[in-house]
C-alpha cells in the first residue's frame, strides 16, 4: 500500500495539471485584481467580499449551464442550443407572468419540462440517429431563438409581484456578518448572495456527485473515453448520450429560470452567445474537447475566471468604456492557451505510447 | 488438467460477396489449454474468430459450448461475453481515461444501499483481483498511464473476472517487447492452469512454441489440420500455413531474365524504424525483382515502407542511383522515381469516393503539383490507356472506385503508379484477395516491368508466387532481415529460413 | 409508371437533386402565395428597371444572399478537407470590416464625409481587411491541420475574439464612411447590385481555380482518405491549411460587402449568425458535413435557397426574428434524411424486399 501511495504522488497526470493550472490562474487573477484595485490608495472595492460574491451573482445561470455543458463535452459532444433555450425560458416566464397572469408555480415546472423535452429530442437525434451534435444543437439553437420571437418580439419586463419576484429579491447574508464593512454613511453592509447563487452551487454539488457516484455518470466518461470500447463493455452508449443531452437542456432550463430571476425580463436577444461562454468555461476548466476528461469543479472555476476578468475590466474606467470587448478578447486568448496546452499534452501522451 | 472440450465449432461456412471466406471449418478447444490459431493473410483466422464472437453472421455450421455441448449462436460481442467468450484485441478495448478499477468493473460496479457506486468496495475488489493475477498496478490510476502490455493484462483480468470460459487473444503481442511478452505468457499459463481455454492468434512462431499446447492451421478458408505442438515442428507448420502444392502455371520468367544489370538503383544501409523494423541493409539493382518474404508481421511491409518514407526511417542512409538522399515523406520518394502499392488497399490505397480517373491520376498529379493541372484530354487518354492495358473492368472512367471489385481496385492503384513511369515500384501484397486470373496477370506485369529496366520489390505471403517472379529473395523474421537467397530458390530453402531455428 | 419511378430514383441520386428541389419548392410556394393574394402569378419572377437599377424579388434574393454565397465557397472547401466547420467566418467578416473602416478613418474617428478625410486610399483599406481575414484563416488552419484540434473548437477562438478585436479597433464605436466610393461595394454597379457582381466574381474565380488547377481533387482526396493521399504524395497539412486560408479570405470579402452596405463598421451585427447560414448552405447543397466529395454549385444554390426561403417567409408575413424556427425544421429534416441510422433503415427495408442473403454478407 505504501508503495502505491508513493506512486500516486509521483504520478500526477496531465489532467490534474490542467485543473491545477486553472485554479492557480484564478488565484493569480484575483490576487492581481486585489493589488490593482483593492489595495491602499487605489482601493476601489475589489478587496470587498461583496465583489467576490457578485461574481457568483452575475454568473449563477452560467454556472448551471456550464455544468450541463461539461457533461455533454465529457461524452465528446457539444450543445450550442443553450443560449437560445435560456432566452426562450425567460420569454415564457415573462410573458406567462406579465401578459397572461399565470402563476410561477405552474410556469417554472413547465419551463423545466420544456427543457427535458427539448433535450430528449436533441438527444434522440444525436444518440439514436447518429447525427452530429453540432448540427442538431445548431438547429435547436435556431428553433429556440425563433420560438422566443414567436411568443413575443418585444421586451417584456416582469412587474407583477409574486413569489418569483420575491424569491429573486431575497438577500442571503453571510453568516456571522463575515466580511462586513461600514460604508461612508455609517451603515453596516453585510455581504450577501441571492437564491440563484445557492441553487447554482447546489447544482454543482449534485452534478459532481452524479458524475462520480452513479453508473450514468461514469458511463458518460466511458462514452467519451472510447465509445466503441464502452459499447463492448456492455454500456448502452446511445441511451447514455440521450440522457446527457436531456440533462444538459434540463440544467439549462434551471439556468434559464435563474437568468430570469436576475434580469426580470424576456427579450429575443437575451443570452446571445451564452453557449460559447459555457463552452469556453468548460475548456478553461480542463474539460477535454475530445471527451472523457474533465469535471464540473473545473468548469465552475472556469466560469469564475471569466467572471473575474469581467469584474477586473469593470474596475478600469478606460477599459469599461470599451464595453464587453476586452473580456472577450482576454477570454479568447485564455481559450487559445488552454487548447494549445491540451494539444501539447495529447501529443506528449501519444509519444509516450 | 481436466481437458474436456469446452468449445466446439462444426462445419462453419461463410461467404463474403464473391469470396468463400470459410468453408466447412471445424475448431475444438479444450479447457486448460492454449490453442494457437495459425494461418497467413486471408486464411480465415479473423473471420472464424468473428463468427465465434458474433461480429460476423455465418451461413452454415454450429457452435457448442461446455462439456454438455450447449448449442449457441452469438449475434454480438456482448452476447458472446454472456456466453463466456471474451476477446482481448491488439488495440485494447478499454477506456483509457477511466481508472484501472473502473475499467475492470464498469457496468457492474458494486453499489451502496442508496444505489450509488461503492468506490471503496470496487477498489478493494480490484486490488484483490490484481493481486490474484499478479499484476502490479495502482488501480486508482487512469488506464492510459500504463503500458500497452499492462493494459492488455487488465483487459484479460476483466474477462477472467466476468467468468469467461474461453479467452481469445487476438495478436496481443504485436506491440510488446520481449520482457512484456514473457509477463503475458506467465499470466496465460496461470489462467490455463485454472482451466480456462485460451485461443491465441499470433504471427510469431517462437511464441507459439513457447506457450501453446495445440495448433490449428487454416489456409484459404479451409482447415488444414489440428496438431499437438510436439507433432508439428516449425518447418512443417510453415509448410502447412503456406501450402506446398505448386500450381500448374509455368514459370513465367525465362532463364535469361536471371541476369540482372550491375547498376545499383537503391542502396540502403542500416535503415530502421523503432519497434517496426530493425536496422537492415538492402541493395536493389536496375531491372531486378526482389521479393521480401517472411510471415505477416515479420517486418516485410515495414522494410519497404521505410525505404519509401511511408514510415520515416529513423536511422541509416539511403542512396538512390548512387546519390545519398533523405526521404521525409512519400512525395520525396516519388520525386526519386519510386511508388508504393500498400498492402491495406482500403485504408491506404484507394480513395474510395473519387472516380477511377481521379484515382489513376492522383500520383501523377501530385508529382506535377497542385497548380499544374493535367489537361482533361490527357487525363482521359492516360486513364483509357491503363483501363485497356490492365483490362480494368469499369463501366466508365467516372465511376467511383468504391463500386469496382477488389481486383479492379488493385489494378487502378497499379495504374496510378505506372502512370508516373517509376524506376522503382514497391508492390505490397498486390495479389491479395483477388481471383486467380488477375493474379497471374499481375505477376506477368511484374516480370514485364523488370524487362523494361524497372526495379520492383514484391511482397507476398505466397511463396510460389514469389518464386515465379523474383530474382532474389530477402527473408525477414520478427522485424529483422535474416537472410538473402539468390541461387537455388525453392520452397524448401525459403521455408527453412522463414521458420528459423534450423539455420540454413 | 415504373420507368417514371426508376427515373426518379436515378435523378434523386444526382448531387444537385436536393438543392434544386428546394429551389423548386420555394418557387412553387411563391407562385401559390401570389395566386392566393390575387397578385400577378409570376410576381416572384418579375424584375424591372427603376431609377437605373434592377428591382424584383429574384434580384433581391440574389443581392441579399451574396454574403452567404461567398462564405459558402470557403466553407465548402473547409468541410470537404477537414470534415469540420469553420464557425469563425461571421466574426471574421466583422473584423475585416472594422479594420478596413478604422484604417480608412483613422483610429478614434467616427465619421468620414469628405474624400480628403481618408487616411489612405480605399482599396488599401479593403485589401488590408481581406488580408487580416486571411490571417485569421491561417491561424485556424494551423490549429486544425498542424495541431490536430477539432475544427469547431479551433475556430471557436476567433468566433469569440473576432468581433471583440473589431470593437477594440473601432474604439467601441460605429465608424461611418459616408463616401460613394466606399458605398459602391454594397450598392450598385451600373444596373446590378454590386454584392451580386462580387459574389459572381468570387464564384467565377473559384470555379476557374477548380477548373485549371487540381486543388479540387487534392481537397477531396485529403477529405476522403488522408492516409492514401499521403502515400500518393499529397501533403494533407498544407492542403487543409490552404482551405482555411481561402475560407478566411472569402470571409474578408463578404465582410467588406456587408460593411459597405451600411457604410459603417458595426462590429456587433455584421455577419451575425452568417456562419450558420454558410454551414447550412453546404449541407443543403448535398455535401456531407463529414467531409469528402464536394459540389461547389450545390453549396451556392444552397446559399441562395436559404435566402429565398427567408425572403419568402418575410413575404408570407413571418417576422424576421421568427424565421429561424422554420430554418431549424428544414435543417433537421435534411440531416435526419441523411443520417446513417435512417439510411440503414431504408437499406434494410429494401434488402428485405429483394430477399436478404446478398445484403447480409455485405453488412
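We call the chains A, B and C, going by the order they appear; numbering starts again at 1 in every chain.
Going forward, a contact is a pair of C-beta atoms (placed from the backbone, for glycine too) under 8 Å apart; a residue touches a chain by one contact, two chains touch by 3 or more.
All figures in this text were calculated on a predicted structure; none of them were measured in a lab.
For this assembly, give the contact graph shape among line, ring, star, complete and other.
complete
Give the label of the chain whose average Cα location is farthest from that of chain B.
Chain A.
Looking across all chain pairs, point out the one with the most C-beta pairs in contact.
If you count contacting C-beta pairs, the leading pair is A-C.
Need the CA-centroid distance for the pair chain A / chain C, whole Å please.
It comes to 31 Å between the two C-alpha centres.
Counting only Cα atoms for the centres, state how far chain B is from chain C in Å.
45
Could you state the distance in Å from the CA-based centre of chain A to that of chain B?
One centre to the other, that is 48 Å.
In the complex, go through chain B and note every residue touching chain A.
77-78, 81, 92-98, 102, 106-109, 115-117, 119, 138, 140-142, 144-145, 148, 158
If we count contacts the way the header does, which residues on chain C are in touch with chain B in the complex?
Residues of chain C touching chain B: 212-215, 217-218, 220-221, 224-225, 227-235, 239, 292-293, 358, 360-362.
For the complex, which residues does chain B have touching chain C?
15-17, 57, 310, 329-331, 334, 340, 342, 347-354, 358, 361-363, 365-368, 370-374, 416
Show me the residue ranges of chain C that touch chain A in the complex, using the header's touch definition.
Those residues of chain C that touch chain A are 85, 143, 147-150, 152-154, 156-161, 163-165, 167-168, 171-172, 276, 279, 283, 289-290, 319, 321-329, 331-332, 335-336, 339-342.
Which part of chain A faces chain B closely enough to touch in the complex?
4, 7-8, 11, 13, 15, 209, 212-215, 218-219, 221-222, 224-226, 228-230, 232-235, 292-293, 349, 353
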